[in-house]
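Two complexes, one shared chain (subunit A), two partners (subunit B, subunit C).
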Partner chain A sequence: MNKYYMGIDIGSISTKGVIIDCDGNIIAKDYLWTEGNPINAVKKLVQSLYSSVGNINVVSVGTTGSARYLIGKILNASVIKNEITAHAIGTMSRVKDVKTIIEIGGQDSKIILIDNGVVVDYAMNTICAAGTGAFLSSQAKRLGVNIEEFGSIAKKSTNSPKLSARCSVFAESDLVHKLQMGYKKEDVIKGLCDSVVLNYLNNVGKGKKIKAPIVFQGGVSKNIGVKESFEKELNSEVIVLEDSHLMGALGIALIAKMSKIEKKFDFNIKDFNFITKGHECSKCANNCEVVQIFKDRELIDTYGNKCERGKIVS
Partner chain B sequence: MKNKISFPNFGNYHYPIQVFLKKIFKTDIIVPKKTTKNTLEIGAKNSPDFVCLPFKYNLGNFIESLKSGANILIQAGGGCRYGYYGEVQEAILKDLGYNFTFINLMENGSFSIHKFYKEAKKYNKKLNIFTYYYHVLVTLYNIYNMDLIDRFVRRNVKYELSDGILLNIKKSHYKRILDKYGFINSLKNYYTTKHMMKCNILKDESQDSNLKICLLGELYSLIEEEASYNIESYLLKNHIEVRRYTDLTYLLITKRFNEKKLKRKAKDYVKYNLGADGLDNVAHALEVIDEGFDGIIHMKPFSCSPEISAVPILQKISKDKNIPILFLTFDSQYAKGAIETRIEAFIDMLNMRKDRDKNE
Partner chain C sequence: MIVGIPRALYYHSYSYLWKTFFDNLKVEYIISPKTNKDILKKGKILSTDETCLPAKIYLGHIDYLKDKCDYVLVPRYLGVDKINLSCIKFNSMYDIVKNTFKNIKTIDYNIDYIKGCKIKNEFIKMGKKLGFKSNVASEAFDKSYKEFNNYRMHEFELQESKVVNSELKKVLILSHSYNIEDEMIGKKISNILISNDIEVILSSKFISNEDKSTNISKTLYWDSSRQILNSLEYYKNRVDGIILLTSFPCGNDCLVNELIIRKLKNYKIVNIVIDEVNASAGLVTRLESFIDIINGITI
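The block that comes next holds the complex of A and B.
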């Protein structure tokens, strides 16, 4: 029987999943909104993957993204890894000689520098969320356009105004000001794309040597306007792969494959009822937030406690 | 009303400091509660928004202590905004309606140990200058021994026989500081702890290739673990050798005689003092690179100006010497996961680099 591997990337905004075969080819994939409920999103995702490939022999699961611990425990994953490593591995499997990975997701953005197949440096935004997908989508709402159309509208622009790239709040007030001055909507949208790029390069990309080939990925890479702004600013071609939004999921599936840890995955998981319960442990001044996960009223795991006192055993 | 003295938390140094204050003032000491996110919440609520993070933690400590009955507060200071903490915190707490006396150890813009003697004399009339300086020296010796133990743990944690044993032994060392006092006892305590630690490590070559990481940055983030999301313990638990120059021994003693040496070391990058620990961090980064460390983690609280000046220089060093440096900025945010993701990815990356270098 052939062996298959599943990788799931649960981000703040979207949940991505792939199933790969032994050679690393994607045989099933899906992308849906997390909508603030990672457990439901993953159940839907598993359902959708199941309906496209049927009950195949998935021997190992890997999870990454901000909800990786929770989902990893629920799916009984063999590897739970951070998204930076996952993204690097995923992209390197597609573009062998990649030197720079630009990743802009829902709430974070990162830059990964690669030299001869090894991650040599990376940076991630720390206390500022300007220039991420969440900012773009909130501005799309203000302008009354669909975030999916953002890129194609920006393409029409001929004369884009300069918007502040320092901070999302200032960018927003700049944007309102430009609209009131009478700029066309498409120009302002293009200006917004430019400001995301400038913010990224000034913030995350500060002091990093960006060398071609450059791969741009994450949800925002689907926005052609931002891609073109990057090309203009960096003076170099920027590659956006077809599955650019799935690279994290692909990477973690590959890591699961490399780990050689096999834990049979059961597609039935979608039929179980998972409940999480969070409480503040009050046994000492640390006040850890302890989370318990129940599978059909049976406690499967707890996490979040710093010490033994907060441990809850079933 | 009986005097009850309190002071802000600063890593594990509250052990020798509480003993010291007890000897000097001969009155009750309210040891500040362990710093938690609750401390930060109270502190941030009552602080100016853009002040640096240690200010918020310190203020939180003060408020917690005042609530448990303290009526004399002590604050030290340093060469950056830290020098103004005392005045501002006193004003904020007075505005909040607390009734207390504030002892500010800053005099004419610098930290003064002698000023503390004059202040202490007001409360303990029997105190004379000889006993005062005797206690200062014993306390410094206690702190020095604590730091030696800490450095030993950071260097040898990769050889420990069972997980976390060295950190546990370290805790027993602190307990003994409270029980026994004096030069001889401090020395005995140091040797007891060191002996226990040596019994629990086994130097074998398979561990020699573990990662080596240097922690640099602003002093409060480095020393008060809670303020830096326990990064150091996380590294130690993963059996990574850690180097951290900044500890109280360094700040109070070594730093005073070090400037020339540091400037010589960093002469290609910095020609003058950057304020606080800026120059020190640049020079130390160069030092650990020469020793073959795998990576550097630089941390600072949001808006720490000396460290902000050091960052571009460190970025240049990172590029010139081809060594990864992870820059972290802390603010009153509670997303521990975000910090963990970055540290985990950093360790992964260093391991990948190390494997590559080995294969070449």
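The block that comes next holds the complex of A and C.
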């Protein structure tokens, strides 16, 4: 029987999943909104993957993204790994000689530098979420545009105004000001794309040597306006792969395959009822945030506790 | 009579000296617990929002001790000479404590090169305040200072044998002792590294009489930053990766870490900033990725 591997990347905004075969080809994929409920999103995702390939022999599951622990426990994953490594591995499987990965997601942005197939350096945005997907989609709402059309509208612009790139709160007031001054909507949208790029290069990319080939991914890479701003600013071609939003999921599926840890995956997971309970443990001054996961009322795991006292057994 | 020792700031460098000094004088003392959420919360309320995390934590510890002992030990530390100074915020800590907690009873010593204060004289003064004759205090100090130096040497040698003998990948945590040893700053990081099978090497355990920090900067004032640069010179080629650990918003580290990153090429370095926000998800992601980099994961 052929072996298949599943990779799931649960981000703050969207949940991505792929199933690959032994040669690393994607045979099923999907992408949907997390909507603040990672468990439901993953159940829907598993359902969707199931309906496209049927009950195949998935021997190993990997999870990545900000909800990787929670979902990893629920799916009984073989590997639970950070998104930086997952993205690097996924991208390297497609663009062998990639040197720089620019990743802008829903709430965070990263830069990953690769040398000879090994990750050598990375940076992540810190407490500031300026210039990420969440910022762009809230601005799209303000302008009454669909976020999916953002890029194509920006393309029409001939003369983009300079918007503050330091902080998205100031960028927003700048944007209103420019609109009131009479700039066209497409110009302001292009200006926003530019400010996302400048913000990224000044914060996340600060002090890093960005060398070609450059691959741009994460949800924002689907925005052609931002891609073009990057190309103009970096003076170099920026590659956006067709499945650019799936690189994390692909990477973690490959890592699951490489791990050689096999745990049979059952698609009927979608029919179970999972509940999580979070509370602050009060047994000592650490006040750990403990999360319990129940599968059909049966406790399957507790995490977040620093010590045994925080572990609740029943 | 009970002396309260706050488990914060200088404690992480001098605790052994303090404890042996009080032991030798047979003075009873209590030590505040490891930093926890309550202490941090109290410290945050007592501090202005611009102060750094270790300073906030310090006030939290003082608050814990203030009603539980007769005197709280609050040293003032300006520096031993013109080019070995403490951070300006910590220099003012003594006055901040006096102003924040009205009527607090402290015992203190003052290391201030301008007034020519020598550490031994200061400890003798402290002994006098606790009711001991100067020869008794002097004797106690000599004894404990010797033990203190032996202890530091012992710690350093212990670490040295780890560097030489350990088969694991080694990561140097480069930071001030009050960051490295604090339960809510450095310990969090050490624990994550250790659970990922990494040998943790601490810059605070390094001792040397030679000053090699001038290789990186000739004009650095802060002795704690010099300690960091000296240990960097000593360990940098013997570890697999370096973590620059800063607590938000440290002015000295802003400068020194940037210097280190610019001057050190071809080393695996990551800059980790810890603030009072307690979410550890981002921290875990950063550290795990760094560990992957050290392990050279590839396809």
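The rule is short, and it goes like this: the second predicted complex is superposed on the first by the 313 of 314 C-alpha atoms of A that agree within 3 Å, B and C clash if a C-alpha of one lies under 4 Å from a C-alpha of the other, contacts with A are read in each partner's own complex, and residues count from 1 in each chain.
Throughout what follows, contacts are C-beta pairs under 8 Å (C-beta built on N, C-alpha and C of every residue); 3 or more make two chains touch, one makes a residue touch a chain.
Fair warning: this is a prediction, and the values are worked out from it, not measured in the lab.
*Asks:* Clash or fit: subunit B and subunit C on subunit A?
*Replies:* clash
*Asks:* When the two structures are overlaid on chain A, which partner does A:Val118 contact: first (subunit B), second (subunit C), both, or neither?
*Replies:* A:Val118 contacts both subunit B and subunit C.
*Asks:* Just checking: does A:Ser93 make contact with subunit B only, subunit C only, both, or neither of them? Give me first, second, both or neither.
*Replies:* Second partner only, subunit C.
*Asks:* Examine A:Asn159 and indicate which partner it touches, taking first as subunit B and second as subunit C; both and neither are also allowed.
*Replies:* In the superposition, A:Asn159 contacts neither subunit B nor subunit C.
*Asks:* In the superposed arrangement, which partner chain does A:Met258 touch: subunit B (first), subunit C (second), both, or neither?
*Replies:* In the superposed model, A:Met258 contacts subunit C only, not subunit B.
*Asks:* Should A:Lys206 be classified as contacting the first partner (subunit B), the second (subunit C), both, or neither?
*Replies:* Touch partner of A:Lys206: subunit B, not subunit C.
*Asks:* Find the residues of subunit A that appear in the contact set with subunit B and again in the contact set with subunit C.
*Replies:* Dual-contact residues (subunit A): 66, 81-85, 108, 117-122, 124, 126-127, 207, 284-287.
*Asks:* What residues of subunit A sit close enough to touch subunit C in their complex?
*Replies:* Per the touch definition, subunit A meets subunit C at residues 66, 81-85, 89, 92-93, 108, 117-122, 124, 126-127, 207, 254, 258, 284-287.
*Asks:* What residues on subunit A touch subunit B, complex-wise?
*Replies:* Touching subunit B: residues 66, 81-85, 108, 116-124, 126-127, 206-207, 209, 284-287 of subunit A.
*Asks:* Quick one: in the complex, what on subunit B touches subunit A?
*Replies:* Residues of subunit B touching subunit A: 33-34, 36-38, 302, 312, 315-316, 318-319, 322, 324, 327-329, 331, 333, 337-338, 340-342, 344-346, 348-349, 352-353, 355-356.
*Asks:* Of all residues in subunit C, which touch subunit A in the complex?
*Replies:* 33, 36-39, 261-262, 268, 270, 273, 275, 277, 281-282, 284-286, 288-290, 292-293, 296-299
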